[in-house]
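Given below, in the form of structure tokens, are the structures.
One chain, chain A, appears in both complexes that follow, with chain B as partner in the first and chain C in the second.
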Partner chain A sequence: MEYEFHWNIVFQKMPQLLNGAFVTLHVSVLSMLIGIAIAVLLAIAKMSDYKLFSLPATLWVEIARNTPALFQIYMAYFGLGAFGIHLSPYVAVLSALVFVNAGYLTETFRGGFMSIPRTQYSASRSLGMNSVQVYRYIILPQMFRRIYHPMTNQFVWSILMSSLGILVGMDELSGETQRLQSLSFRTLEFFMVAAVMYFLITKLVLFSASLVSQKLFKGDL
Partner chain B sequence: MGSSFFTPLSWNDSGFILTGVLNTVTISLVAIIIGTLLGLAIGFIRAEVSRFSNMLLGGVLDVLRSVPLIIQLILFSTYIGAIGHPLDPFVSGSIVLSLYTMAFMSEVFRGGFESVQRSMITAGRSLGMSYWQTVAYIRLPIGLRTVFPSWLGVALSVIKDSALVSVIGYMELLRTSEQLISRTQQPLEILIGVGLFYFIISYPLSLYGKYVERKMSI
Partner chain C sequence: MIQIQNVHKSFGDLEVLKGIDLDVEKGEVVSVIGGSGSGKSTLLYCINAIENIQQGRIIVDEIDVHAKETNRDRLRQKLGMVFQQWNSFPHLTVLENAALAPRIVLKLSKKEAIEVAKKELNHVGLGDKFDEYPTRMSGGQQQRLAIARALAMKPDYMLFDEVTSALDPELVGEVLDTLRMLRDDGMTMICVTHEIAFAREVSDKVAFFHQGIIEEIGPPEQVIVSPQKEATQKFLSKVLH
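Moving on to the complex of A and B:
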């Protein structure tokens, strides 16, 4: 059997698809920003000597890293209902992505921090810098270089995983595609366009990230 | 409470859940095995061929990595259906998941093969080894040794990603749990059970991966 492609309907719906792509970017950027903020706190907590802080942080990290993202979205969307918390699809997907991002980024931050020898700290202190200066001028800049690339990857991962919003009826790119194809039955065409759009978004993000890194880390070895 | 309209979770459901568990394990194993073999071959080819063919091959793999798995699954099963050869969800799920795994595995193995110093291969050749002998006795053992932690990382992510095969109708763990949820209306208990299952598989293995990595770095 031969399948006949009808692209017209897809191009007519382009504004909606682009809107969906915007929501995809929106939710992933937001999930990264909140995820980074939480991850900084979790990384500090995880390195703490007090079990009271390190244990919950470890628990968060391990749960986020060892369960499927789809499970976390279901947990946010259906599971929290048991506590009388009913999240909208957008908030459910956002909180699941924040949860995972924070978990993964904690390890990234911790690894980046640990990779800088403690001797640099003592050396800078002995040169007369105070603690804030050491972090501001010595430790954080080096750390940022090391975590930049993993952070970019995490961002790309967030974009790809936000496609799970399709399963809870969110209006990001996949969900919007699903809704539009169900109205026209041009499933193949719509999802092919969505695939191309995801590919382009990912490439665009990676390209701009490498441009930024060239600017930021100019003169590095 | 209106919950009396729904039948609560009971021991009779354990068989149903077990099927889901087994299906998750099956499709993950299939994808990991096929994906590893294909990835090994492609990783080797990519470490070996010229820049140009590498770019072509890399482009295809890049698409597999840059399009969400869920879209790939929907596209593949719709396409197969549209050209008139619908496949069993397990088969189409395995194909897509294996190719997806392959895309990541090939990068892992490529790195391993490229880490083998050129001079070692030259030395082997000059000792009278054939091309394939250098592959079997030098490149594979040395190249594969270092990649185990990354291989394990990819394998674990495949187990987690296998949950997505539920969208094309494969009755893996998350889908069985979803059906149980809609019948029992007890989302929390069921989902916690499901999460525990993934965690129990994934956590010890990830610890082991970290342990091996630490041991190798010293």
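Moving on to the complex of A and C:
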């Protein structure tokens, strides 16, 4: 017997789905903002000559980059739960995404920083700029261009990986889809619509990012 | 005036400058020639306080460059420097490249900074490139931009570190022409260079660096045309073929 599609129920539940999509976007944006802030610190720590700073940073990066996101979310939700620290599904998923984002972005930032030739620094100093001015006007703007697209990719990754929230009963797009399909048994319909929504969200993000980059970045690198 | 007195500079165990004495008067053009690793570029970096020295003194207009109390950012405003790799700022237009330091270091208004930048860019023949990005220009144009960028700070001295060495041969001429123009403007310059013919033509004094010391110094007719020291003769016979 062939599967019969029934779309009505999906349209009825559209408000819930959209709400889920909003939570997805919400948790990814937040995970990026916090992740970026931590990654800046980790990148500085990792480039430090002091093992006290560089070692923990390296450890963070290595674990974040070499273990599955699924594992991070499990650890944040069930792992910490075993130690009596009970996070809500939202906070657990957010923490896991922050952990991974910070790990990946640390390497992005470090690479971006190292890719700016040292001579840009001496040339700027020779013009009488102080160290803060050199970073503010010369190094960071160039670095930002180089890390902009990797950062956008990381953002898209966060959106897609937040779907693992389904495992801990989070009410983001996948979790919501899971709940709605189990109530209606319209599994395919709900997941197909959810997939389209993921696609649209990431495309929207990439499109806005490229608009912003055209506005911000005029010169070549 | 720049006074270099018994300057010693080491990188780790390697002593690169082994007691350099050199005076550069206002309005003078001094060329520094010599083989690679002879310490010529290092000396410029020391004058500019980008590098520290271990012994001796460098005095620029009565300011002791390496003294603790010297404000090096202020000092560097006196000393324009142009590098072998032109180091244009790739994220800024040609005009912004030249206007940035006058605006943020000299604290000129945006309008004044742009005026100064335009004047210097016109001077080096980049008057039609204001809105261009440097990476789209030739090495010769970028090097002239670097010169204009340094001039926009109204320096009293210009230090040139092998500014034609990284250029394609056909682009060397336009940069040397720019340097000739500066000399005619009366700019005080120290040029570390491999362009022996150029050094002979423009310099008041030529210093031949050899293994961290000034082996021979004097007017070009002496040092380049009829060198007294064996090391100078050897070097010149190599580079002049």
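Keep this in mind: the second predicted complex is superposed on the first by the 218 of 221 C-alpha atoms of A that agree within 3 Å, B and C clash if a C-alpha of one lies under 4 Å from a C-alpha of the other, contacts with A are read in each partner's own complex, and residues count from 1 in each chain.
What we mean here is this: contacts are C-beta pairs under 8 Å (C-beta built on N, C-alpha and C of every residue); 3 or more make two chains touch, one makes a residue touch a chain.
Because the structure is a prediction, the values reported are computed rather than measured.
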Chain B and chain C placed together on chain A: clash or fit? fit
Considering only touches as defined above, state whether A:65 meets chain B (first), chain C (second), both or neither.
-> first
Query: Now for A:130: first (chain B), second (chain C), both, or neither, which partner does it touch?
result: second
**Request:** Applying the touch criterion given at the start, work out whether A:6 contacts chain B, chain C, both or neither, answering first, second, both or neither.
**Result:** neither
Once aligned on A, the angle formed at the Cα centre of chain A by those of chain B and chain C, in degrees rounded to the nearest 10, is 100
The chain contacting more residues of chain A, comparing chain B with chain C, is B
- Counting only touches as set out at the top, which of chain B and chain C does A:86 meet: first, second, both, neither? neither
If we overlay the two complexes on their shared chain A, which of chain B and chain C does A:149 touch? Say first, second, both or neither.
neither
Min C-alpha distance chain B to chain C after superposition on A, in Å, is 20
Note: overlapping chain A surface for chain B and chain C spans none
Chain A contacts chain C in the complex at 117, 119-120, 122-130, 133, 137-138, 141-142, 145, 217-221
Chain B contacts chain A in the complex at 63, 66-72, 74-75, 78-79, 82-84, 156, 160-161, 163-164, 166-167, 174, 178, 181, 186-188, 191-192, 194-195, 198-199, 202-203, 206
Chain A contacts chain B in the complex at 1-3, 62-63, 65-71, 74-75, 78-79, 81-83, 156, 160-161, 163-164, 166-167, 174, 187-188, 191-192, 194-195, 198-199, 202-203
Listed in rising order, chain C residues that touch chain A in their complex are 48, 50, 73-74, 76-77, 79-81, 83, 85, 87, 89-93, 100-101, 104-106, 133-136, 146, 149-150, 153
